[in-house]
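Letters A, B, C and D mark the chains in the order given here, with residues in each chain numbered from 1 onward.
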Amino acid sequence: MNNLDKLIQHFEKFPGVGARQAKRFAFHILTQAEDESKDLSELIANLKGSVVECASCHRFFPTAGVETMCSICNSQNRNHHKLLVVTQDSDIQAIERAGVYDGLYFVFGGTVPLLNSKENNKLRGSALKATVEERLKEGLVEVTLGFAVNPDGENTARFVESIIGEMLKERDIKTTYLGRGLSTGSELEYADPETIKNAFQNRSTHE
Amino acid sequence: MNNLDKLIQHFEKFPGVGARQAKRFAFHILTQAEDESKDLSELIANLKGSVVECASCHRFFPTAGVETMCSICNSQNRNHHKLLVVTQDSDIQAIERAGVYDGLYFVFGGTVPLLNSKENNKLRGSALKATVEERLKEGLVEVTLGFAVNPDGENTARFVESIIGEMLKERDIKTTYLGRGLSTGSELEYADPETIKNAFQNRSTHE
Amino acid sequence: MNNLDKLIQHFEKFPGVGARQAKRFAFHILTQAEDESKDLSELIANLKGSVVECASCHRFFPTAGVETMCSICNSQNRNHHKLLVVTQDSDIQAIERAGVYDGLYFVFGGTVPLLNSKENNKLRGSALKATVEERLKEGLVEVTLGFAVNPDGENTARFVESIIGEMLKERDIKTTYLGRGLSTGSELEYADPETIKNAFQNRSTHE
Amino acid sequence: MNNLDKLIQHFEKFPGVGARQAKRFAFHILTQAEDESKDLSELIANLKGSVVECASCHRFFPTAGVETMCSICNSQNRNHHKLLVVTQDSDIQAIERAGVYDGLYFVFGGTVPLLNSKENNKLRGSALKATVEERLKEGLVEVTLGFAVNPDGENTARFVESIIGEMLKERDIKTTYLGRGLSTGSELEYADPETIKNAFQNRSTHE
């Protein structure tokens, strides 16, 4: 296979990219200025050197090479007694944007699909166990499981509970789940029965 | 204007129907069997005689002409101490499908748009007041406002509170709102800040 | 079944209308003014009396009851030596909008599906034969088959040829087909092979 | 700006890629195996060395470094008396897939937008002139302009004619345009007036 086709093949593995777009990416690189592609090439080659996985929450963060923990895990302004387990780095960005959570995070690295039990070696089961043990020493009071509201997300929650549930129960640490109900834009007429059920069970005295 | 065009004009006023589809509807009637259109014509002419607005909840229900109240309002199996105010008939269908609410309903008849204060004469403000007064005599304990999670829905809730809020407060009757949070299918990464905020505030110890 | 459900069932048979929209239509009629639904009901009941199928081209046209032929078939400004066979009334409207055809029409009444040979009694095979015979006496010079560019459209063209092909060939009357190639908005990159093939075969010395 | 953000910025310039997908691309690279990103980085760095712009048609083709002309321009099986001018490389792939053209190509490199007269330095006006002059010596008989059927495509055709039109006219070389009409899947009812007009003007005696 020639180098152009090899590059296209690489791009086809990019998330959400099909054969035609992969080809367009290759042409984009062919037609851009020489120093642009040189720059891109070097950024890719050196990315892992300039971005580090946080030793505590396991999200990626840019670093000059000295720190091993990210700015959130290092911050004295965060509540170190709360831990939120999420699927991936981008969930953290969405939550930080909302500005309502002041605790620490743990990036689990993926979901445990309900129907595909293929070993997912990106999942951080034992790292999670270690982190929770560490946090327990420092007065952990609540672990929140923040997974998607779908079968895979719920299966992942079950899986995480099987890892750290016992440990938390023994010490009477609260495990919580993100609230369910009507999300922004919901209209009753189009809401699914499960969501309506949650909306009733979680109804409150303020809007 | 000829009759064909007049009919098309009628169909253009049907909800969600554009000029082209209205034309198709007219052709559909032109090409269907004679007795089909006769049947349709008669059903339309007599609809209001065979469907009645419930004197209590104001939803439409089919009747032979004797009853003035719908099967829900008449039922001894429903909890008559709970009242749920919704926008329209179709909301009731969605909620009944979910099978989690056993109280009574009140169809408010529409929303109060935030930006368009045009008098909406389908709204049933005074009827709601009368119904609540009636229910109060029979031991009402909770009124739930079930409007859409959008600016118009929230404005409608404000409007309804201005009508019955005082009355309920005086008697210590609880006003509740449907719970907000992640709805079925939600993924944190794509959730809006408001929904994430609600998901955190309403987090619970069970999924 | 009650009258409301019967009406909803009628609306569900309207082209492109699903269960939910059918229900909305019924509510639309329930909530509109009394004289509006009376008007609609009467228009539907009397539609067939005020719209007539043209004896020549078989399209529907509004009439006070005297004419048997539509304004196009009656017009002295149209070229009566050309005949264009189309699937349905709405095709005529699209062609008239384009303003490039000055001949007469024949509405075939539907397509002959390639895979479903169910008898379609709306198709006007023998009427077409009769019309062509009539036109032949008056100097017909060209019959154009204007069906969709898809398997059903092409199958319909074959079927029409089996009815009138011989007759036209004997008298040396030209049968033509609408030109194929790139349509407005087409980009080569996304064009299908068949369209590209047609675009090459039909290339011309002007754009 | 840190390297992660710099890389994301590069990806945002990729065709059809938004901020969120660019971020996903970066995470994709972060989490893939070390040798995968090394391979990708090198392919990008060396792409221009292993892919060459054909000296004749200007499309890109992979090469070990010896050839200066692509396999189509070099082929004795192609008709060297025909030239097809297209916008971009991907147009050639679509046409070759259709298998109906046996002549040579010229990649113009872009379109001349109707409304944005910004100098587009990727356009190969003078190279086209040189190529046509070269072909004229070898018995060119037809130049086909194969641009999109939209305002920009038509404006580009005008621009190309202003460059090579005179030259071709003097020698009586035919300039042709891809045929227009109904494309695969077209239904008359939904066709735009321009397409219907072309379909009538280009009607033929075979389907």
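Here is the rule we go by: contacts are C-beta pairs under 8 Å (C-beta built on N, C-alpha and C of every residue); 3 or more make two chains touch, one makes a residue touch a chain.
These figures come from a predicted structure and were not determined experimentally.
A.B. asks: By mean C-alpha coordinates, which chain is most distant from chain C?
C.D. replies: So the chain farthest away from chain C turns out to be A.
A.B. asks: Only C-alpha atoms count here: how many degrees separate chain A from chain D in terms of the superposing rotation, rounded to the nearest 5?
C.D. replies: With C-alpha atoms aligned, the rotation comes to 180 degrees.
A.B. asks: Starting from the mean Cα coordinates of chain C and chain D, work out the distance between those two points in Å.
C.D. replies: 39
A.B. asks: How far is the middle of chain B from the middle of chain D, if each middle is the mean of its Cα atoms, in Å?
C.D. replies: 55
A.B. asks: For chain B, write out the residues touching at least two other chains, lowest number first.
C.D. replies: As it turns out, chain B has residues touching two or more other chains at 88, 90.
A.B. asks: What residues of chain B sit close enough to touch chain C in their complex?
C.D. replies: Going by the criterion above, the answer is residues 2-7, 10, 13-16, 20-21, 23-32, 34, 36-48, 50-51, 60, 62, 88-90, 122.
A.B. asks: Taking the complex as given, what residues does chain A use to touch chain B?
C.D. replies: 86-88, 90-91, 93-95, 97-101, 144-150, 153-154, 157, 174-207
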